[in-house]
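Both of the next two complexes hold chain A, though its partner changes from chain B to chain C.
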Partner chain A sequence: MAVKFESDASGAWNEMFSAPGQARPVYERLLADLDAYQPQELRARSEQLSRTFIDRGVTFAHSGEERPFPLDLVPRILGALEWDRLARGIAQRVRALEAFLADVYGAGRIFDEGLMPRSVITSSPHYCRPAFGISPPNDVRIAVAGIDLIRDEHGNFCVLEDNVRIPSGVSYVIENRRAMTQAFSSLFSDHRVHPVDSYPSRLFAALLAAAPRKAVDPVIVVLSPGVHNAAYFEHVLLARMMGVELVEGRDLVCRSNHVYMRTTNGERAVHVIYRRVDDDWLDPLQFRPDSVIGVAGLVNAARAGNVVISNGIGNGVADDKLVYTYVPEFIRFYLGEKPLLDNIETHRLEDAAVREAVLASLADYVLKPVDGSGGKGIVIGPQATKTELKALRKAIAAAPRNFIAQRPVALSTHPTFVGDSLAPRHIDLRPFAVNDGSDVWVLPGGLTRVALGEGELIVNSSRGGGSKDTWVINDEAVAFRGAVPPASSRPRRHGAAPRQNDEFVGAGDEQ
Partner chain B sequence: MLSRLAESLFWIGRYIERADDTARIVDSYVHRMVEDPFNDESATCRSLYSILGIEVGPERLNTAETLQTIVYDIDNPNSIAGALNGAYENARRSRDYISSEMWVALNTTRNELPKRESRARNFGPSTYLGYVRERAALLAGLTDATLSHDDGWRFLVLGRNLERIDMTARLLRGRVVSDENAPDWMAFLRASGAMEAFMRNTREVDDANGVAAFLMLDRLFPRSVLYSLNLADECLVEIQPVSQRISSGDPARQALARARGMLEFIDPRQLIEQLPELLEMLESTCFRITDAVTDRYFRHEEAVAWIIEEGL
Partner chain C sequence: MTPRLGLSIRHHTGFTYDGVAKASYNEARMTPRSLGTQQVQASKLTVRPAVPTWTYTDYFGTIVSAFDIQETHPQLEVEAVSQVESWAATLEAPLGWSELRSPHLVDRFSEFLLPTTRTAMGEVADLTAWRNLPDVHQCVEAVAGFVRSEVSYVPGATTVSATGREAWDRRKGVCQDITHVTIGLLREMGIPARYVSGYLFPAIDSEAGDVVEGQSHAWVEYYSGSWTGIDPTNGVRETERHIIVGHGRDYDDVAPLKGIYQGAASTQLGVVVEMRRTH
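Up next is the complex of A and B:
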């Protein structure tokens, strides 16, 4: 089916077209390929994709129910040149955040230099005093980062938020790719898509590099809160693909500042814990005493240097959205570099003049709680009701530290298969970066999330979002674009078409 | 391996076997329950409940409700759907260990059950029971073909065999506790998939003692009690962390050895007289082994709740 340019009233950037009938170069071949399919064929493939996910149990838990994370048929494509710039920007940001965390849980140079008031940190709900003075053996607190990016109206990628606590979603990148190569193999023979399956081995190498120096043959585990966690599937996938044990808090025991897991053959020492449990629940001795999914004594064992907790405890302070506003400063200060990725224009509300200006036209801003994640608590001014704004105004006046105000950005749109046709939907991008202490590696592509409701701007899975397979393709494919025949003269995929590996399910006799 | 994983695998083995065996037992009753116009419906249902170890009140029982409880009720861990659900829940917990083929097979089986159930309501329970047996066979095959035969696999096989001993004992007990309402001996053989194997071994089809001996003592038939006991013992020996020249007094192996000893030294021709006693012994043996294995290998502490002291 032909994909048409549809403009969006919000002025959002169109990922696929620069003007009506004018596809962006990286998408030309994909458009020609899609043109050969009837809507029914796409529907059949879409159903096959979701069936694959249900059978394989690729689901997330949402209000007590296991749901598949809908995968859209139309991949999102980034050219290798653009990707390279992005990846360097992400790696730079991770290095700067790493330096910042080492600083706030150590010397505190940034306060001495007067670049950031100490009160920003001490008032942050995620600044974690027990983490002070714990220095990881290879100085890595951020083994995995998920930096959320969006493309603004001018086509520039900006950072929406930093996730350096326990970013999730990488399993969908891996599973989406697997499902797409099965359902749509022909697309992959036409494109040189950078593979994503090396992620688990990269993560494993990074965890190994993070092990305590004295551990001769370090034992790595993935710590999960258990089957009822929304991301349990991901914990399983990572443990399995890294070939390490998936443990729950009750499988571990701390004794004399050493951590052991309980096995049928007695207790076995553990050296690196890739934890997917929030700080709050990690250690009942240090954090919430009512936690039954944590391990008592874990933080002390980490302080004693016998075990490494990854990502580090207390990383949440770097995710604080007020701290986010300082990240460009961090890059200049710690790295002496110019930021490669911009923040979205953000206002700090503690400054009385700024606050007054924002409060005066609250409906023109997006207001975010500083410690929220997963789209929780965000108020989009232009879409908010009067009562919502009123409540918000009150909350801001009471605690200005708890909010930031941002310019509303129209997220870029991408054609998405909805019903039986393609329609523009807003998308974002979460690339995943792995830091092994000597290098920050960025997984090619990352997770593109798509808001499936028309005009909807929040893409989180918990808000009914879907995802797209995200391709980074070599630009030389684009260089041959003269060789792509116009859509009408391309052979159809049926009958005498030479491509034998391209099987249809159910819709094979449609023309 | 992790104690928690070992426990999950043990129970995957037990639950799948329980679903399979319950399907076989119900199948042997279905003919009587659904098709036989002369049977006492309530008494037949009661007999079925009793061999599955489910307590029921003194009221009249009917076939539809009985099948609902024993076959379709997913919240009852002794029902077929409940057992498959139990296996699924344990597989979720050990998903990083079991093969993805096993996981997909269990996941699709569980997703398919509601569809099969509504079909069974139209066409009779046999389609459902057949499906369950087929899936159990698939899962057993995948277990053996796609898992490494390491300790995890041994725990699974141990669980499977303990459940099998327990269920075969229950099947036989049907004859012992309620003679006229239970299916005949041949139905039991069919339920165990042992009809052909038995016939090849003997010609006397009406010999109750012969059937019981076959299901209890046969050394080659994989569903017989003695065969399963031997297999369970092999698993226990290999699971032991260190091989010991003098027995360490593992209570699980001791219970097993006692049961084996009793079966080995019995006179097969008089088996039928001692059957009630033997079946009781077997049931308590299964309990004791499960307890001992749990105690030794699946130990984990109960969740600890911490209380904040006031005034600190």
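Up next is the complex of A and C:
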């Protein structure tokens, strides 16, 4: 099936084509490969992909029902050169956010220097006063970050938002690759795709590095809210792939500031908790007293240095969307570096003049609640009704701290299998970074989310989006020669993708 | 040299359960610390059933004793005993209004200017006249006096979970409520205000060694260049008879004993505060 360039009225960047008939170099081989498939064959593969997901229970809760997260059969490809630049930008951002959290829950230099008003933090619902005095042994509060990127109309990647509380979605990256290698093994023999299956071992190593110094043989657990959580599948997968216990609050008990796991062989001390439970529900002594999914006493156990809660409590102050507007400042201030990734042009509404200007042409902006996740509460000005805009105007006037205004960006589009043909759909990218205290490692690729409705711009799984397997492939030869040589004559570099075989073994070998 | 008051304070509190409690996790904020107006010479906190306690200093600088009890217990008792020497602060010349309202100070004290659920008052009073007073101290005295005249001190009139607004609507409450109301109004006027939890020694004329019944008390500190105490319940400034245990945005940051447990419903034991002059 031939994939054609389809122009998009929104002016969005086309990921696959630079012009009609002009595929971007990293996609040339994929296009040639896809040409060999008949539409009905693609349909069959697409169905195979969704069956795999249902069989494996790769689902998320959408409007109260469990659905598979649709995997599109056309992969998204990033060249290694571009990826390397992105990965450095992401790692830089994570290092800056780490420094910011250490400062907020420490000396507060950024406020003393006047670079950020203290009130931005004190008015944040995620500012966590019980987090004061908890010092992570290896200074890591962000073991895992999900930094959401979009590609703007000019092809530049910009940061849409940072997720440093309990970012989810990495299980889809792992499962997408597994399903794709089964359904399209031939594509993988033609491409040197950087593998993703080392994620669990990277996460495990980071959690181990985060353990209290005095723990001789640290025990790590994954703490899940339980089977009703939208990301439960991911909790199960990560625990299993790391070879650690998956626990719920009722499986843990604190005694004299030590945490123990109840097992059939009695109690066992726990040293690192990779928690997928929100702060609010984590410890009923410190936060919501009605929480039955938390562990009473956990925060003080962490304060006493006997257990590490990962990601750290109170991280939400760093991914508040108002704080987002300051991240480029953080990079300059804490790291003394120039930001490698730009933010989207964003306006803070607490300043009266800015607010007036935005309110005067509200329909030209995207308005986001600073505290929202999953696309909740976002109003896209150009698509909003008069009633929506009116309600929004009122909400902004009442609480300007609660919103930011962004320039609407036409997210890039990517050919996506819809019905029986390929059509452009908007996509974003959530790369995942793992910080072990000495290095921030970025999983090659990440999760490409696709808005399946035509023209739809919100890609979140909770809004019914799908995803794409995301490939990072070596493109040095392409970049320097400007054309793709046939696969047989393409120079092969030893060590460039040494793990490709591992990937296949891993993918076929059910654990 | 201001006169120094030496006090021994015994604060006893706890819970009794209908039946028993199984695991219980608690934090006590019952230990005074040394500050500009008081020196703590000794303090000891004991728990029954006997368990080890672990101490840390919280975000607001309050000393916290944390402990958990794993054995089943029909009752939990906590007793804090402290020896404190206390003296009255001298009233410093206040900052001018323009300094107090400078963006720098507004930002520095933002969390003591924002309302909380406990302190949000809504527009219950016209604050204009007080705003125009030349001096912050005068203004705060006027507001505290107004609250005292409006809200009667009636023990038992409200529960521990009451908001300032609820007490205001009934026009009665205890020191906690009167403090919340005053804090709420001061914050509305742009004066940083915080909640103080502590003890009040009622009998300045008692003899050294006499045990007198004291009380857990709450009052207000406001920022006027330095933190300055005022007791709206008693219509006085903070004196040497006020012993500070902790600070916070409102009661919830300084509750003397908070805990969570598994088991039957609980009843708060009567709080006993005994105070004795040591010199």
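To be clear about the criterion, the second predicted complex is superposed on the first by the 473 of 511 C-alpha atoms of A that agree within 3 Å, B and C clash if a C-alpha of one lies under 4 Å from a C-alpha of the other, contacts with A are read in each partner's own complex, and residues count from 1 in each chain.
Just so it is clear, a contact is a pair of C-beta atoms (placed from the backbone, for glycine too) under 8 Å apart; a residue touches a chain by one contact, two chains touch by 3 or more.
Predicted, not measured: the structure shown is a model, and the values here were computed from it.
Shared-chain residue A:107: touches no atom of chain B or chain C.
Once chain A of one complex is fitted onto chain A of the other, the partner contacts of A:284 extend to both chain B and chain C. By the touch criterion defined above, A:397 lies against neither chain B nor chain C after alignment on the C-alpha atoms of chain A.
When the shared chain is aligned, chain B comes close enough to touch A:240, but chain C does not.
Contacts of A:81 after superposition on the shared chain: neither chain B nor chain C is touched. The larger set of touched chain A residues comes from B, when the choice is between chain B and chain C. Of the two partner chains, neither chain B nor chain C is touched by A:19.
By the touch criterion defined above, A:251 lies against chain B but remains apart from chain C after alignment on the C-alpha atoms of chain A. In the superposition on chain A, contact is made by A:264 with chain B only, not with chain C.
On chain A, the patch touched by chain B and the patch touched by chain C overlap at residues 253, 284-285, 289, 296. Remark: chain C residues 23, 25-27, 51-52, 54, 56-60, 66, 68, 70, 106-108, 110-111, 114, 253, 258-260 touch chain A in the complex. Contacts from chain B toward chain A in the complex involve residues 1-6, 89, 92-93, 95-96, 100, 103-104, 107-108, 111, 151, 155, 239, 241, 297-301, 303-308.
Residues 111, 117-119, 122-123, 129-130, 132-133, 253-257, 284-285, 289, 296-297, 300, 303-304 of chain A touch chain C in their complex. Those residues of chain A that touch chain B in the complex are listed here as 54-57, 222, 226-227, 232, 235-236, 239-240, 245-248, 250-251, 253, 261-266, 284-285, 289-290, 292, 296.
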